[in-house]
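Can you read through this structure? Questions will come right after.
Chain IDs A, B, C and D follow the sequence of writing; residue 1 opens each chain.
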Amino acid sequence: MNAPIPTAQVREQLYRDMDAYNLTPLWEVLHALVPPRPASPCAPALWKYDEVRPFLMRAGDAITAEEAVRRVLILENPNLRGQSCITQSLYAGLQLILPGEVAPSHRHTQSALRFIVEGSGAYTAVDGERTTMRPGDFIITPSWTWHDHGHEADEPVVWLDGLDIPMLRFFDAGFAQNDTSKSQQVTRPEGTSFARYGHNMVPVRHAPPFGKTSPIFSYPYERSREALHELEQHAPVDAWDGFKLRYVNPLTGGWTMPTIGTFMQRLPAGFQGQGWRQTDGAVYSVVEGEGEVQIQQDERSWSFRFGPRDHFVVPSWHTARLSSSKGCVLFSFSDRPVHEALGIHNEERLS
Amino acid sequence: MNAPIPTAQVREQLYRDMDAYNLTPLWEVLHALVPPRPASPCAPALWKYDEVRPFLMRAGDAITAEEAVRRVLILENPNLRGQSCITQSLYAGLQLILPGEVAPSHRHTQSALRFIVEGSGAYTAVDGERTTMRPGDFIITPSWTWHDHGHEADEPVVWLDGLDIPMLRFFDAGFAQNDTSKSQQVTRPEGTSFARYGHNMVPVRHAPPFGKTSPIFSYPYERSREALHELEQHAPVDAWDGFKLRYVNPLTGGWTMPTIGTFMQRLPAGFQGQGWRQTDGAVYSVVEGEGEVQIQQDERSWSFRFGPRDHFVVPSWHTARLSSSKGCVLFSFSDRPVHEALGIHNEERLS
Amino acid sequence: MNAPIPTAQVREQLYRDMDAYNLTPLWEVLHALVPPRPASPCAPALWKYDEVRPFLMRAGDAITAEEAVRRVLILENPNLRGQSCITQSLYAGLQLILPGEVAPSHRHTQSALRFIVEGSGAYTAVDGERTTMRPGDFIITPSWTWHDHGHEADEPVVWLDGLDIPMLRFFDAGFAQNDTSKSQQVTRPEGTSFARYGHNMVPVRHAPPFGKTSPIFSYPYERSREALHELEQHAPVDAWDGFKLRYVNPLTGGWTMPTIGTFMQRLPAGFQGQGWRQTDGAVYSVVEGEGEVQIQQDERSWSFRFGPRDHFVVPSWHTARLSSSKGCVLFSFSDRPVHEALGIHNEERLS
Amino acid sequence: MNAPIPTAQVREQLYRDMDAYNLTPLWEVLHALVPPRPASPCAPALWKYDEVRPFLMRAGDAITAEEAVRRVLILENPNLRGQSCITQSLYAGLQLILPGEVAPSHRHTQSALRFIVEGSGAYTAVDGERTTMRPGDFIITPSWTWHDHGHEADEPVVWLDGLDIPMLRFFDAGFAQNDTSKSQQVTRPEGTSFARYGHNMVPVRHAPPFGKTSPIFSYPYERSREALHELEQHAPVDAWDGFKLRYVNPLTGGWTMPTIGTFMQRLPAGFQGQGWRQTDGAVYSVVEGEGEVQIQQDERSWSFRFGPRDHFVVPSWHTARLSSSKGCVLFSFSDRPVHEALGIHNEERLS
């Protein structure tokens, strides 16, 4: 009678034999596939604007907006280099346009946000309407709408691009087209969309122009700041967020884009926030003022001091705390609309 | 063999016999119950402000706001006198408040709108927040919220009240309470609600304050007029409506109240509108300018010339045509949200 | 100097003067318009089937289904005689069809339910599909769909009709048409709708056939009873309702019709229910068994003992208690979908 | 004067310098990030059951269900080996349970479907209720519900597992827990969920048990087959799909799970389907009968003949054609609910 073959050997043989049939044993990987809690591969990271800006200007010399199509430096997550993403599901970059330049017209199923960081007078054109960019403005180029950028004023303009590129790649749903003309025809005067949808009134018998995306494609900072200011005067401060507003689609009350949620918040002077963690990793752009974010996960911790125009990312399920001695304003975006639609959003607030 | 009893006699006997059992034959009334098209008992009607205003002022002498609770002259439909309604489902009235007066605090499940017709400086308080009234402002007192009115400035203020009183009566769902204090305590400064919800941004982790009703309870004319103006600059004129906007609840994109839809429209100078009819009867308040409405049903027709602060009603399924030689602005409200929720809205546009 | 004119006289004069202008003082009627709680004009009432049935049969002799179009005895609320309604917003009647008869094809915007009370073998045809009627079946003829009834078997068939006729009248939204042919063409075999939508599966790329109304227009008692039975085996008994199920539209999970909610419930033997009241008045049809309902409002009270095929109505905001010594099954309907859509539903459960 | 530095050199230097700052040029990768159309890295693939089954049985010898926790052979996409997925967003595997075994209780935020392939008598327990498995049954273990499997009958049971594991990993939102006991306590008899929600009726005042997931967690083949059969009798055949049904959540009419859509379809004998492509890659399990699927993308093409219990995958934006000479029944699932929620679903039907 033979000795029984050791289990490990039996299994290895099985694995080898079935490998050719595209079969693999779950039990060897189950723990990694169904982890006890999110262990995001993303790292917290900070991009100081005074370090990034010189590279942007060098890029301005090295390539034209038109040749680049989009002259953008991608903010790549340090742990995901080569993947063109800042979290697993989101892309972020800083785009430079110089006076006289054009970033040619194209469209794609990816949704994009622009948050203006520096300079005024460039424009984004969406579906026949231009909007002039000023610092702090939040602008959308909705999925599958023609859009181009141009600049007829006289200082460099830089903005943050936020896109769902990794999601569309993951779901294999990306389409794109280049326009036959460099800049699209302007068919409606600036301000049309805001006039039609921005005043808590909407045209009767309208067909919403952009599907699931907000029909307002520009949320000027002037109004957002007023909203924040009035909230700060009248509402109690939130122990985690200070004063935080969510941009909404006036046709639904929901998110401005189906894939990306956008926020603006004010930390009042002397704010010492409580910690929280959530499953949606978030990207921040500092609009005004200074502050600090402390991030922790397990034994590791990070601390970033930030000032105007800096950018940073807080990955999924990392505990973050915001504070500010002199007060500051932060714009941020995350993939929370997807987490909510899929029923997988999770959040924990520490006190 | 007896002669058969005539049918009519058999039936009459049956009707008499079963009457005591609360039974009645459908076939005698079917046609009236299921009419080929709506034959509203409401009549078109116009209330000229220069005829109504003197009565309002006399009412100001005859009774105090506090004694009246609400010093209102009901605009009763001529065909529905004694029923306190302007259409079968809607109530409208003109309310007067004089300097120094108070209309005491109460709440009810009926939803109410106020549209300011004349005078400035009175206030409505809703749920601890006051809003100052100026001509053209649209203000809501949501279902089951405490509200009172007061007036600390120095001219008479008159506004249009629109309520769903007949609906709540029909559905046997009306509740009401008087407040223990005459004027409710102010707990939030004026402008709070607008600051929080009016800028296409909403507070994160908010609980919507008023259920199905818009969290903004004041839509100032300043903004509505700006929206109309910009629409007029940029959009094509509609052959039926001129330039017409619907007020929206920024948390849903839907109606401002679950029972009443509200609109503001501008007829440009020289506008000669096409005819239309719809199942929701509508009440109009003339904000600025002059014009004419022609109304037809079957062989009957009506023609009303209207000027500032006049009011008129267009009943269900009556064909109406609006025109204006010098241009005008109209506020209106109807029960369309209910027609839509019940799947019974119908509309016909003639060309 | 003259004596001042007494207030009452001043007011009376004002009322008289403005009456011609269709103006009336709110303060004289405010309390009635905005009552502290619903004071429905409807009365609780019971229709014993053994009293009603002889009248139905006499109606069978007195008029043909075709001549009557619908041979129905309306269950009129004792307090609302002449208004063809059982509550202010709902219509109910008992319809008789005899072997060989046809109730001709028509359509209307009113939604109708049929609940089969006695006899088998008649059919309702909706939009080209017939469904055979058996006691306890719940059948819908959706708004604006062609429908006719016929009977090719050999016993009288009686069913309860429930319609939203008073609502469509109140909202001035009723349309109706007679078909050019007496019975519509059958274009799909019986069972098609149920096969397509009744199994928690729906055809891919379907266009829902009936707008806001359930695409299943027949809910056979065989399945409802199975659902009730299994619930009774497995779920705890509810102290107010026994075991109560709501029929749903499988395309939305919501109500079967936008204007009328439908329910079936079982009171187990020995059930002594707690009292409750709600703003939606409800109509009951007794399917099997016997029981008692006690109804109270203010000082008044009613008590009805009911048996198979009896019908009764519980008005808005009347406190009701159900009990049954031997157990029973009840079908019911109310206007709750409207109360919910309008945000005016209210309910109180006593314990 | 120096010669200008060549552009390529300037750029390379820039890229090198900014690399340390986690910055990378978009223009070098833009085309790949925003492709003209989806170019899924997934390959079409077929798993013949007679090839897979022997490995399953060897796995049955090599490891117990309890030791494995889940004894599953993952169907790995040939182009995505090592990633435990069948498309980029979906996981599929075949699970074996032998008589007397237990797969211990745990829960996770990942949603899972089970589609029974071979054998009867095993059970899945979800949230205190067991359901017995029979071939063709579709069973759900909703997100974050305790579930375990066991087998008290006498033949091996094999089922297909479909999960959203890659999505939860991508969105960094996976949580999991092991139960303290091996098998959860049974608290409700088998059939309870179906009795409560499966008959187009739902309990009044229910709290939906599973959030966004269907409250019915078992859809028995007996009913699905009946639905298919009746559809085949009554409906026209679809040129692309034959007769195809979507499983629905009876509380919403929507998908059974927020992340995975599930379908069952019948190709009648002689069916020669037209081609189509869509952005959601789909996994098929052959229930009965035989057929063929032809898949094309660009110049490449694949052709798979399939029989009972075979499995295959059609990646995003690959053109597929189904045919069957003798007729067959197919179960399938995809990530379409996500594509729809995100507004990125796209589909093309060729004729």
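Just so we're on the same page, a residue touches a chain if its C-beta (ideal position, glycine included) is under 8 Å from a C-beta of that chain, and two chains touch if they have at least 3 such contacts.
Since this is a predicted model, take the numbers as computed values, not measurements.
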| item | value |
| --- | --- |
| Same-residue or different-residue interface between subunit B and subunit C, half as cut-off | same |
| C-D or A-D, whichever has more C-beta pairs in contact | A-D |
| Inter-chain centre distance, subunit B versus subunit D - centres from mean C-alpha coordinates, in Å | 52 |
| Chain centre separation in whole Å, for subunit D relative to subunit A (CA means) | 29 |
| Distance from the mean Cα position of subunit D to that of subunit C, given in whole angstrom | 43 |
| Chains that touch, pairwise | A-B, A-D, B-C, C-D |
| Residue ranges of subunit B in contact with subunit C within the complex | 7, 10-11, 14, 17-18, 21-27, 29-30, 33-40, 42, 45, 47, 51-52, 55, 58-59, 61-63, 67-78, 81, 84, 87-89, 91, 93, 106, 108-110, 143, 164-177, 211-213, 258-259, 279-281, 315-317, 335, 338-339, 341-346 |
| Interfacial residue positions of subunit C with respect to subunit D in the complex | 188-189, 191-192, 194-196, 198-205, 214, 216, 219, 223-224, 226-227, 230-231, 233-235, 238, 241, 243-253, 263-265 |
